[in-house]
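Presented below are the structures under discussion, each in the form of structure tokens.
Common to both upcoming complexes is subunit A, partnered first by subunit B, then by subunit C.
Coming up: the complex of A and B.
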């Protein structure tokens, strides 16, 4: 009845000359792939190819005394499992990564909570807090190296002034002191980023929800525990993974500050690979450590990306 | 029992004065509605009663105790927020029991009180769900449930229906009326919707620009608004206003006249509600105009008539369905008893005809 085409006066139907063959979405995928080509090329050249090359080298023995690499199968991997120095590097890395990630996140969160409250000078302090972020890591390392310096360091000078110590202490020459120094430096560098994450999270916290909790009788502790932290949980997941991945890869400040020493006290995997490759010229072994290292980064990176993808949906 | 008394209350943010000299008494068990256009300070007043905003000066008293500086949670009040403000990561039951949990109430008592409130609001099947799994109306009920569970002396509602669609709003309005009868607790309700105010309130507080314009029952505000603002705000569709002059024992318009020997010489404007106008010329007042538009609701026909004495077209409510050709000239008529009169400041002037009627 309401079928207009059936009515005798209706004009004959035709397809609009603007119609696209294959539907309105036709060609969009092809165009998308086209847009990806430059990025994929760069990725292949600077990430994928070197990684595959390293993966290949990890099955070879190739040292400075050898003219060409010699295939040894899984021998390098077997050596890693039995070499106490490499296992030591894994332990050092574990300590470094857990301490830096823990402190960066707790301090970043605390700082974000403070800066989220309006007070005089808040904007300026927020801006200043980002300073470590924009500072080159090597500059930061020298800055902290100067603070920890055994002769003219700021820390020694202050401790002497307050009478806490009688003689200057060579912090960087003790195992614990050197580890503390690299952890503090990396934490100092990471806090701004995590703070920014948390502030962003805090700013979309529903103000009425907190007011409702206050009316319900929640004090600061319960507001934090029952409302702020659960609200920040997704941000927390991202920062933990990001922190772990970033700290696993970290190289520059440790290298500049301690060079992995004293002896091997701060030799994390990145330093280990660098030393194997460019000090001992044991390329095969360096590649193997690198491969194992990448394998430890992949799971957290995978969770991070999955988290991002899930939120994007 | 728990009367709420507000005396000389002021609120300033820096140099901006948001509320000025608010005096108000709310008796126990009353359903009071604060109504006014947005920015009139009604929500701020509610937030001050709740304890979410500081009092700049003046006193807030609950059951004869000054509560200016008492934290929200100790005031014996519960608030339902406009956004509902449910705790997203807690189940409905946990949302409702949260205040009791913080007050260290025994577990089984929390459970029975939550269940009781859930039964009142018919949300028992939802108790284990998370807020995001609920519809707007269900969330609204949970927010109310969270307030009921606390058994407060005073309930505060901040525009609780503004996020619901029209049909649900009518349903929930009925629920509020039922809840009022069932709980008998003092309730303060903020809205910008005068229909909500008229249908729910025992007492309406009309606010404008940080001041209280008038306090009274819905019908007294409808019948005897003290000024032009209240007259225009209460009633739907709005009251029509016509510029007028009083000379020689009659009120004169450009386009008509009104026989009213007792009017005041200060008269500059009269107000007449759409439901008190009719097409014809048999009443005490008559004005001429031209029909510009009609709205057909089935039950009523609203005619918009251009009249020389009013900037906006005059709205006329005609019962039933009437078809009148647009552009045609119309004569509108009304009775003197239904006329509201205002002076140049917008203050209402007494209508002697109405008094005689009432007597």
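Coming up: the complex of A and C.
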């Protein structure tokens, strides 16, 4: 390389008349940016522009009967803070996300630990375990809907046959029953994905370390607590964040199974936005709830991205 | 190249100026056109019209639930159709659109009064303007299933609330796995109609002089009556209108509220087709005391016209509108829908007079009232409030009084 500092006033010497400004590295960077353009364009059109438009509309009153939106400033945000039904939606979302994420990860981890042990039929069981994951969420919702149905449901049929109940129970008509139904359905759909994450994480677990621990007298619980779980911590963090973000966004199963009811027992934020936008046609208010909803998703999403980038570095 | 362009331009101008008067095209927006049961009927109607007219009709279909949204979206983008099918209950909302035509100015009030009975003509009147003409008419009222009543040992249609309740108990005790009354307990839009009818039956109303009146003694009594039916297993949770229709056709429900098209649903869900419709009996909503006025809700479809250019009696849109409302077209169309043709000559025609189902339906609906919620600007939000609070009482989450009080407070806030 030439030492430019030796003669600071001299013009930089070009290696070749065809050499581009900035050298090979800068050229690679420009090429990289060029490659990003399609993805950035798609992101801008599909994600960024609609979000900015929703953000703009959150400052307007805009119902279906209005020919054009009317600027109301922060009025919609004020309404959110004073409307107990919307605050209730936040609480319902918190309950749904907490329960679903907890059960998905716990059962996913347990199932992964079972399937990580060699036994006859292990491969087939692993394959079958992925079935809920490939099933469309709405189909799963209808399937579980029939299980819980008060007139024709499998659950009622079994309970009646065994004499456990005298009359069919309308599980989906109680707050707890409806929430349990949507949590069970979403958990059932999510477990295979989390199980796959954990199985992947368990593949590079140091077997000799486990065997050494067992020689030292460690039981199953201590092996799990002191060796397996610490090893899975990075995977666990990613799955927790992915679970939270996914469950915060979840809509289809809940809508198909309970429609957000009974009353508002399963009206999470996604359902709230849908109702405001497409049932009540209050687009301004729907955009406002949507913006706040995005704000709740951003922290875990940021945390997830930071984890990914830290690992990449 | 320049020469070619000039030639093309000249040819286009010659074609435009030199051709005889071109036929107009009428954009006709309809939800029936998107439905399996109605698409062929609308297509035939359009085909027959085009065969006898030089004008064309361009059908535009949207699902029933998407019509109001698309009407307003089209209004915003200046792409309103020339004619549109509109739910009568939503007409007050649609009437706000700029460009809706006052049909009195087009056809003359005298002519329209001759064409339609006053009651039906009123379906299309808003603030003294005739913004639409009735297409098919009827009411939302109660139907009973003859076979279920027979199975339960009920000989007569109940007329009072007491008789109605006794009949429900008989159905519950004698028809296994039945839901005696298919009361809507799911879906806010469906719950509203049942609640509104019972509210009227008990002498109250949801909104009085622009203010909510749901926690009045009448309102609470209506809600307590509905809750009582749930507690005594005379109605069931998880029932929406489609569920009630299915149960009715499967002889597991004796009574429920529906439009005249209940007959068609019973035919479909029974699996026996039209042969089953003899079992569908229109009946007057039970009243609190004998001799009272049974409650029912006005129901119907109307046709609205948009655009000043159409507001002439000889416009293509006007011509097509009058064609639709001619006896030869409207009578078979309405009867096929299980509804009453709204024209004077149509409703007096032999086909209608000799239809026992429609005759019984008309006799049962003596004083139908307009759905007051649908006409409100934020009717959908108000509907949700009512549905949620009524459901919370029906499912035992709140007492009838508490639900009525909460509903009153939320409605007052929403109506500000």
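Throughout what follows, the second predicted complex is superposed on the first by the 287 of 313 C-alpha atoms of A that agree within 3 Å, B and C clash if a C-alpha of one lies under 4 Å from a C-alpha of the other, contacts with A are read in each partner's own complex, and residues count from 1 in each chain.
As a working rule, contacts are C-beta pairs under 8 Å (C-beta built on N, C-alpha and C of every residue); 3 or more make two chains touch, one makes a residue touch a chain.
Since this is a predicted model, take the numbers as computed values, not measurements.
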item: When subunit B and subunit C are modelled together on subunit A, clash or fit; value: fit
item: Contact breadth on subunit A, by residue count: subunit C or subunit B; value: C
item: Which superposed partner A:275 touches (first subunit B, second subunit C, both, neither); value: second
item: Partner chain(s) touched by A:212 [first = subunit B, second = subunit C, both, neither]; value: first
item: Subunit B versus subunit C as contact partner of A:262, first or second or both or neither; value: second
item: Partner chain(s) touched by A:222 [first = subunit B, second = subunit C, both, neither]; value: first
item: Lowest inter-chain C-alpha distance for subunit C and subunit B in the superposed arrangement, angstrom; value: 51
item: Touching both subunit B and subunit C, residues of subunit A; value: none
item: Touch list for subunit A against partner subunit C, complex; value: 63-65, 67-68, 149-151, 167, 170, 172-175, 259, 261-264, 275, 278-282
item: Subunit B-touching residues of subunit A, taken from the complex the two chains share; value: 206, 208-209, 211-218, 222, 226-227, 230-231, 233
item: Touching residues on subunit B, where the partner in the complex is subunit A; value: 50-52, 71-74, 77-79, 81-83, 85-90, 98-99, 102-103, 146, 150
item: Touching residues on subunit C, where the partner in the complex is subunit A; value: 68-69, 72, 75-76, 93, 96, 98, 177, 185-187, 233, 236-238, 377-378, 380-381, 384, 388, 391-392, 395, 397
